[in-house]
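The first chain written gets the first letter, and so on, giving A, B, C, D, E and F; residue counts start at 1 in each chain.
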Amino acid sequence: MRQVYINGKFVPETEAKISIYDSSLMFGDMVFEMTRSFNKNQFKLKEHLVRLYDSLKYVHIPLRMSIDEMEKACLETIEKNEPFFKETDEHRLMINVSRGPLSIYSEIFDGKLEPLVIISDFPLKWTVSGMGDLFDTGINAVIPSQRAIPSYLLDAKIKNRSRIHYMMANIEVSNLPGSNNWPLLLDPDGFIAEGTGDNFFIVKDGELYTPEPRNILRGISRQYVFDLANELGIKYHEKNLELYDVVTSDEAFMTGTPFCMLPVTKINGMNISNGNRGNIFNSLLSQWSDNVGLNIEQQIKTFNSEMKNYASEGSTPYRFKND
Amino acid sequence: MRQVYINGKFVPETEAKISIYDSSLMFGDMVFEMTRSFNKNQFKLKEHLVRLYDSLKYVHIPLRMSIDEMEKACLETIEKNEPFFKETDEHRLMINVSRGPLSIYSEIFDGKLEPLVIISDFPLKWTVSGMGDLFDTGINAVIPSQRAIPSYLLDAKIKNRSRIHYMMANIEVSNLPGSNNWPLLLDPDGFIAEGTGDNFFIVKDGELYTPEPRNILRGISRQYVFDLANELGIKYHEKNLELYDVVTSDEAFMTGTPFCMLPVTKINGMNISNGNRGNIFNSLLSQWSDNVGLNIEQQIKTFNSEMKNYASEGSTPYRFKND
Amino acid sequence: MRQVYINGKFVPETEAKISIYDSSLMFGDMVFEMTRSFNKNQFKLKEHLVRLYDSLKYVHIPLRMSIDEMEKACLETIEKNEPFFKETDEHRLMINVSRGPLSIYSEIFDGKLEPLVIISDFPLKWTVSGMGDLFDTGINAVIPSQRAIPSYLLDAKIKNRSRIHYMMANIEVSNLPGSNNWPLLLDPDGFIAEGTGDNFFIVKDGELYTPEPRNILRGISRQYVFDLANELGIKYHEKNLELYDVVTSDEAFMTGTPFCMLPVTKINGMNISNGNRGNIFNSLLSQWSDNVGLNIEQQIKTFNSEMKNYASEGSTPYRFKND
Amino acid sequence: MRQVYINGKFVPETEAKISIYDSSLMFGDMVFEMTRSFNKNQFKLKEHLVRLYDSLKYVHIPLRMSIDEMEKACLETIEKNEPFFKETDEHRLMINVSRGPLSIYSEIFDGKLEPLVIISDFPLKWTVSGMGDLFDTGINAVIPSQRAIPSYLLDAKIKNRSRIHYMMANIEVSNLPGSNNWPLLLDPDGFIAEGTGDNFFIVKDGELYTPEPRNILRGISRQYVFDLANELGIKYHEKNLELYDVVTSDEAFMTGTPFCMLPVTKINGMNISNGNRGNIFNSLLSQWSDNVGLNIEQQIKTFNSEMKNYASEGSTPYRFKND
Amino acid sequence: MRQVYINGKFVPETEAKISIYDSSLMFGDMVFEMTRSFNKNQFKLKEHLVRLYDSLKYVHIPLRMSIDEMEKACLETIEKNEPFFKETDEHRLMINVSRGPLSIYSEIFDGKLEPLVIISDFPLKWTVSGMGDLFDTGINAVIPSQRAIPSYLLDAKIKNRSRIHYMMANIEVSNLPGSNNWPLLLDPDGFIAEGTGDNFFIVKDGELYTPEPRNILRGISRQYVFDLANELGIKYHEKNLELYDVVTSDEAFMTGTPFCMLPVTKINGMNISNGNRGNIFNSLLSQWSDNVGLNIEQQIKTFNSEMKNYASEGSTPYRFKND
Amino acid sequence: MRQVYINGKFVPETEAKISIYDSSLMFGDMVFEMTRSFNKNQFKLKEHLVRLYDSLKYVHIPLRMSIDEMEKACLETIEKNEPFFKETDEHRLMINVSRGPLSIYSEIFDGKLEPLVIISDFPLKWTVSGMGDLFDTGINAVIPSQRAIPSYLLDAKIKNRSRIHYMMANIEVSNLPGSNNWPLLLDPDGFIAEGTGDNFFIVKDGELYTPEPRNILRGISRQYVFDLANELGIKYHEKNLELYDVVTSDEAFMTGTPFCMLPVTKINGMNISNGNRGNIFNSLLSQWSDNVGLNIEQQIKTFNSEMKNYASEGSTPYRFKND
């Protein structure tokens, strides 16, 4: 059975649990990262860990473990779990760090009130299953009534667990007919922010535009699209975007660690790029695939057909419909 | 050992844990209530449960358990734990309801993706220890830089676990010298909202004022203070309050389930009521004590002297200083 | 054929048109009222006209016609059209006042640049057809992404024609499955405002609550519900309301001139009052029917069955779906 | 007599009217463009039509006519009207597209509920008369109390007819003494937005600055000034501008289709550029004149002297004073 | 010559000066009150002093002088100056308290860094001269572009000297023709706040309405109007008011210490109460006159005719026009 | 004794005072500049005067004195005072311009109501004393609850005297333990604005970032850092910055006229650059020192040791603690 790393020890996945008296449950007080591998090699693990440590600093979690020790623990976790992964699987790490138990419950924990580091390794295919079709149909990005929270109130740049409002946005969008509706949140100023687990790009006149890195997570995949754009000689811009910009764009797409890139072919039901995925999207995804040495789209579609009976974890609504 | 109710079963307190793949941990997606007893009798349990079910409805957690079944489970939990409680202890229930595991992890849970109901019973004294002195010194309410989140973005009326911003406010205030500093949050409009686990009142010209029930939890204790005011012939008002109103008030106090009422004798270090607790506070607390048949202040002070060596869970800063 | 009053003359309904160079078309610069009769008697005509003249004043349209002359013109229009109305029809007046042609087009209008008064009389049944079923199913009020415009930018209290944002809200909600979805707009502060042609009420603990009369039209029917409440000894309150208040309400309903009152039995798909219409709604509607001497619900249902093949004009989505 | 194109037919200008039951009148639900010719040749007609179709898409008006058909209809309309234009006149096209009649009035329209396309051709001189003097005196840009509406509530980038707030701003400014006062709206964030029919530029240290294209119409003339700047080697920037930037600017000007460019020599009565028009303005206007083969300033001044007795349609106040 | 009290000493009025290194000049860091007498008796002096001490507390000026000592100093100042006052004059006290010199300039002040208390006594007639006509013409209240500052940024309830924005509003309104234009500020939410030295009331259906005491000074005269209303059996309400409420009001007026009450007969140039002052205004002013034993209107008109050649200090524009 | 220039005359420093009836005291209605010399030569005097005249224009103070006359008066003031300055002192000019006395006090001023120009010359060492240590310890920048005022309400780009809110921020931060806490204000959008007398920079990946020049004073030192960056080949950016950017920055520093540059080594108590000052800071300060021909840090430290017993005027809290 898969094993989960908890503060230096490994426990079976079914036992990977956190006390109800931990700050992570009491206050949504936990920061985390989620990674993936390509051909079993972790992608941008260091970048994920740097972001994790930035989050830790921001929320004042006094973790003593160094970033190098954290990286080592990640790799050890993968090694431990590889035997339980199929040849074609990929390693999706989830790295959680909590402040630890609240002090008034000290007695229950024998006085140990230290931060909690949990690293789990899960087959990527479960996460992306159901997304295979979206490479063909594209996503219908839908502006829900739920707004993104401005960063000065609760900063989305901190990848943290206080995000029930993302769940609310997911539920809201799940009321629409169709299975390709993903929420795309506006912030209270009416600017496009992000999805509930993905960043958003448009293409206009051959150049990339993505929201200013303010009320959003500064995604590792988002950054990698910048790198790909540089590689391909495509200009990119971080700008305040509005619904009008999306409606009048030439292409649009989402980025996220598990699926890398998915085309957005509709906005609030209106066609973008005549409802087809665009050339720039294709170039970027193709370059990404080349760089990591596997056909990303093909891999996810393969996962998809294996998993047809399961729901996926993306921003898609059925995640909670089935719950 | 104390036992915790989890979906119909009882487990030892040390085993009361939630899977890392549960929606409560992944999204801060859990609603809850915290109650207390007086002389071992639960206070306003029904009101707490009604609020819990309102929260559940709002966040679309499809719990099948009825409110009566929930009440029964609460009482059963107390019965189970009473043997482990001292004569003088009080029962502090924590009732958590999570949406349950995310569907992509279905396999791990043998396909059981139902909501999770957890009821724990903990001696109140741990929670209120350290608050005994505050009846004498009073709280110094401090406006932190962290603002309350407007309800249309993340509704504080839903008693939920996505509240890392409360932790941030606590940490911010903990940087001040002294041990009686509690945060008092403004909302982005500059109106007084609430503490990070307590409601706020002022007294002016013999009448009570408390913020409009908008960007705050509509506290059960807050409501009970209204009832006490009616009993005592004191007028009360729900109004937008500002720092100016607090600075120029005659008295101020906080309310919260574990401690009922605590005097606020300073605002940002400025004296209220010359730094002493006021008469209206005394009348209300005295009436409350009469109504429940025990001296609340005395009880907490007694807990306090028993527990001197432990930190408390209130909004006080050392909660995380020791963590 | 029905005749329409235009600046003192009557023209056939098919010729009731406005020049493309009129300020009403160039700037959405027209104020209006819509009324209805009960048993052929105009209801609250004077109140509608007072509001019309308040709007005229606010937007500085220098109409020379007095309010009494306007009333007379309304009655004359009805008299003229009564022959074309069935026995069971009701007179729905639409009174439009425009600033008139822009001055640069003066030549086209022979230099006549005066305001334009248009009074049309249309059978009510067309407007309310399709609403009959809603008395039974109730409306599902849906919060769209489109927000109400704050009154200091464009005042909804002025019943004017610059309201394409209402059309946008209607379209947004029309994407949901079902035929009983009506938009219920939040203002940018997150407070419930109004529908796109109707006011909103909730009932809680036997008392009525409706939004403060700020970012909404101060509806004549809304005011009449206050009158009915007084008649029936029901307390009512104008207060800032939020989604939470609606979710936790006992009943909810919409008011509007053509249909008077319609029950809201769902909010964002969640049941209110277990999905049934409530007792207070019934009492109010029954009293209203008594006061005007006809069964309102019955009348609309009768219209409904007559008109089954036509779309209605309410806030319902098919209004534009069919266009 | 001049003829107006309406859904494929031509009618005399005096008969170019829209039913009172059309969505354009009921909801300000119409999008439009206004163009001009130079020496009888339409300027940037294609750019105007692209923007028109973007607006149509945004507001979901399902027009079946293609953009090429629209262009053809425009040219046909000009051809039809040329005989009624003097040698020196220019063709100002106004292209309106409405959603069409509301469905409940279907009977009146024999069931034809299709969108309405109206193309009118009007001599430009009427529009710009009265502006000739402004090339010499310059405009006094005045910040009115009326704010621009943020685009997420009602998007100024959609050239639509719901804009009574522009009329309100015009009226407000008309109360000031003098005939060269034009409103310059701030958005609610205090940033300079636009006039009520014109875009705004400042010059500082030899470079052009104009507001970010957010709460404004993205004017065709505004874009053309960018082109001219490129031609002349002048740098330009789209930036958030504030009153301070205008007060401390070296030059300022407005742009708009009918008049191309007009100098702004005062802001709230304070001199800019010592109250004179500036060199960069002169260069740009001169280049524009060269590019289109006629002296723009001279042409408008000539129109002006012909028309002295008429009011103009610009943002100037007497437009409604005379109405 | 009139004498001014400065920290316990009296100096001639021409020598009543403050060092350029005082915090009052460096930071606008001074709080103050302005009072008046009726028949030489100070009106509500105690209320003014209570407000002064509230302001002092809020801004943390550590004044050692007690409120009773302050009152004594005020009376002593009047006594000192009475010889220089005509029989018909009234005593207008201005009480300033500054934090004192900044510490780095200590040497200049021989190390004395204490707060500065200045009490000056000035004939009221200068302040109200020019207002006499306004009892007949009424004020034209004008909404300027300048907004009131929300209290959480700079609290108008603190009567302090950091208010250059009031001067800006005065200047803005002074650009309008006529001599009865007074600014009436909106706050950023679009609610009516106050004038630049006066509170605002409307009358609707026989009841008084005035803005919630939030982004305004809580005027002593405003409070006294409440007292008068109680005396006369007139209901009053503190409510959020908007331009619409003013436009549709039956009467309106301003209150302020020097002039007590002045009618507002126009809002943005539109008539209120047909441009006449109303009955409720008359009743209140008459009662006020009775209560203080002199005809207020008559007194100011008499001052007015004496002073015709001087400008007044109200919110009227010529205050700075002449400067 | 040092002499102060007042409207063309020189008076002893102890007599440099302003009437209590001057607009500067009544309304905080004064604009100013503060400069410094290096080796007795004024630095960027012209730039300061240009900004002063921009401020004067913005607030409509009709000063007749030309900018050249002003410069001359400044130099004359220095010349006059040089005899009273030690060899090692530097000349810190403070140039104040007030609108002058309010017109109703005309009589007191013999009818002279002209603007007031005051130029004082003070030894710089007093201002920077106490800052010497900060070059070593660095500043702990603290986000206070007090927000910066948005420029459209009260523009920080106008260097004016209505800034009691800066004093409030200073006081708030002074409650923290330690002597190196300086406030760093957020604006209401949550963006970093400035200190209460200083601009703020961060360094990230070898490039400089400083807030957009919106809700801040556009500091002369801030601009000079841009010049130094150009000199050293360091890229710089004006961008919206948030707390997250500061927390994750590589270095940070403040700039201000008296002290030039001071390192910020903590933000809200969290280390930046491990609590040390950074290399880019060192390069910039070193270049600045080279350019002006003296070691800035050394000079301030020398002042510091001379003055140990005095408080400094920076944003440090003891400024008012001692008052």
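Structure notes:
Here is the rule we go by: contacts are C-beta pairs under 8 Å (C-beta built on N, C-alpha and C of every residue); 3 or more make two chains touch, one makes a residue touch a chain.
The UniProt protein names, listed by chain, are A, B, C, D, E, F = Putative branched-chain-amino-acid aminotransferase protein.
Values in this document were obtained by computation on a predicted structure and should not be read as measured data.
Considering the contact criterion stated above, the chains in touch with subunit B and with subunit D alike are A, C, E, F. Comparing the centres of all chains, each the average of its CA atoms, the largest separation from subunit E belongs to A. Under half of the residue numbers at the subunit B-subunit E interface are used by both copies of the sequence. The pair with more inter-chain C-beta contacts, choosing from A-D and D-E, is A-D.
With each centre defined as the average position of its C-alpha atoms, the distance from subunit C to subunit D rounds to 33 Å.
With each centre defined as the average position of its C-alpha atoms, the distance from subunit C to subunit F rounds to 58 Å.
Note on chain placement: the centre of subunit C and the centre of subunit E lie 45 Å apart, centres being C-alpha means. Taken residue by residue, subunit C touches two or more other chains at 60, 152-153, 186, 188, whereas all remaining positions touch fewer. Judged by the touch criterion defined above, the protein chains form a pattern that is neither an open path, a ring nor a star, and not fully connected either.
All chain pairs that touch, listed by label, are A-B, A-C, A-D, A-F, B-C, B-E, B-F, C-D, C-E, D-E, D-F, E-F. Every residue of subunit B that touches subunit C in the complex is listed here, in rising order: 54, 57-58, 60, 150-153, 155, 157-158, 212, 214. On the side of subunit F, the complex with subunit B involves touching residues 143-145, 172, 175-177, 186, 188, 268-269. Listed in rising order, the residues of subunit F touching subunit E in the complex are 4, 13-14, 16-21, 23-30, 59-60, 94, 96, 99-108, 113, 118, 120, 122, 126-127, 129, 146-147, 149, 152-154, 160-168, 171, 188, 310-313, 318-320, 322-323. The touching residues of subunit D, counted against subunit F in their complex, run 186, 189-191, 240, 242-244, 247-248, 270.
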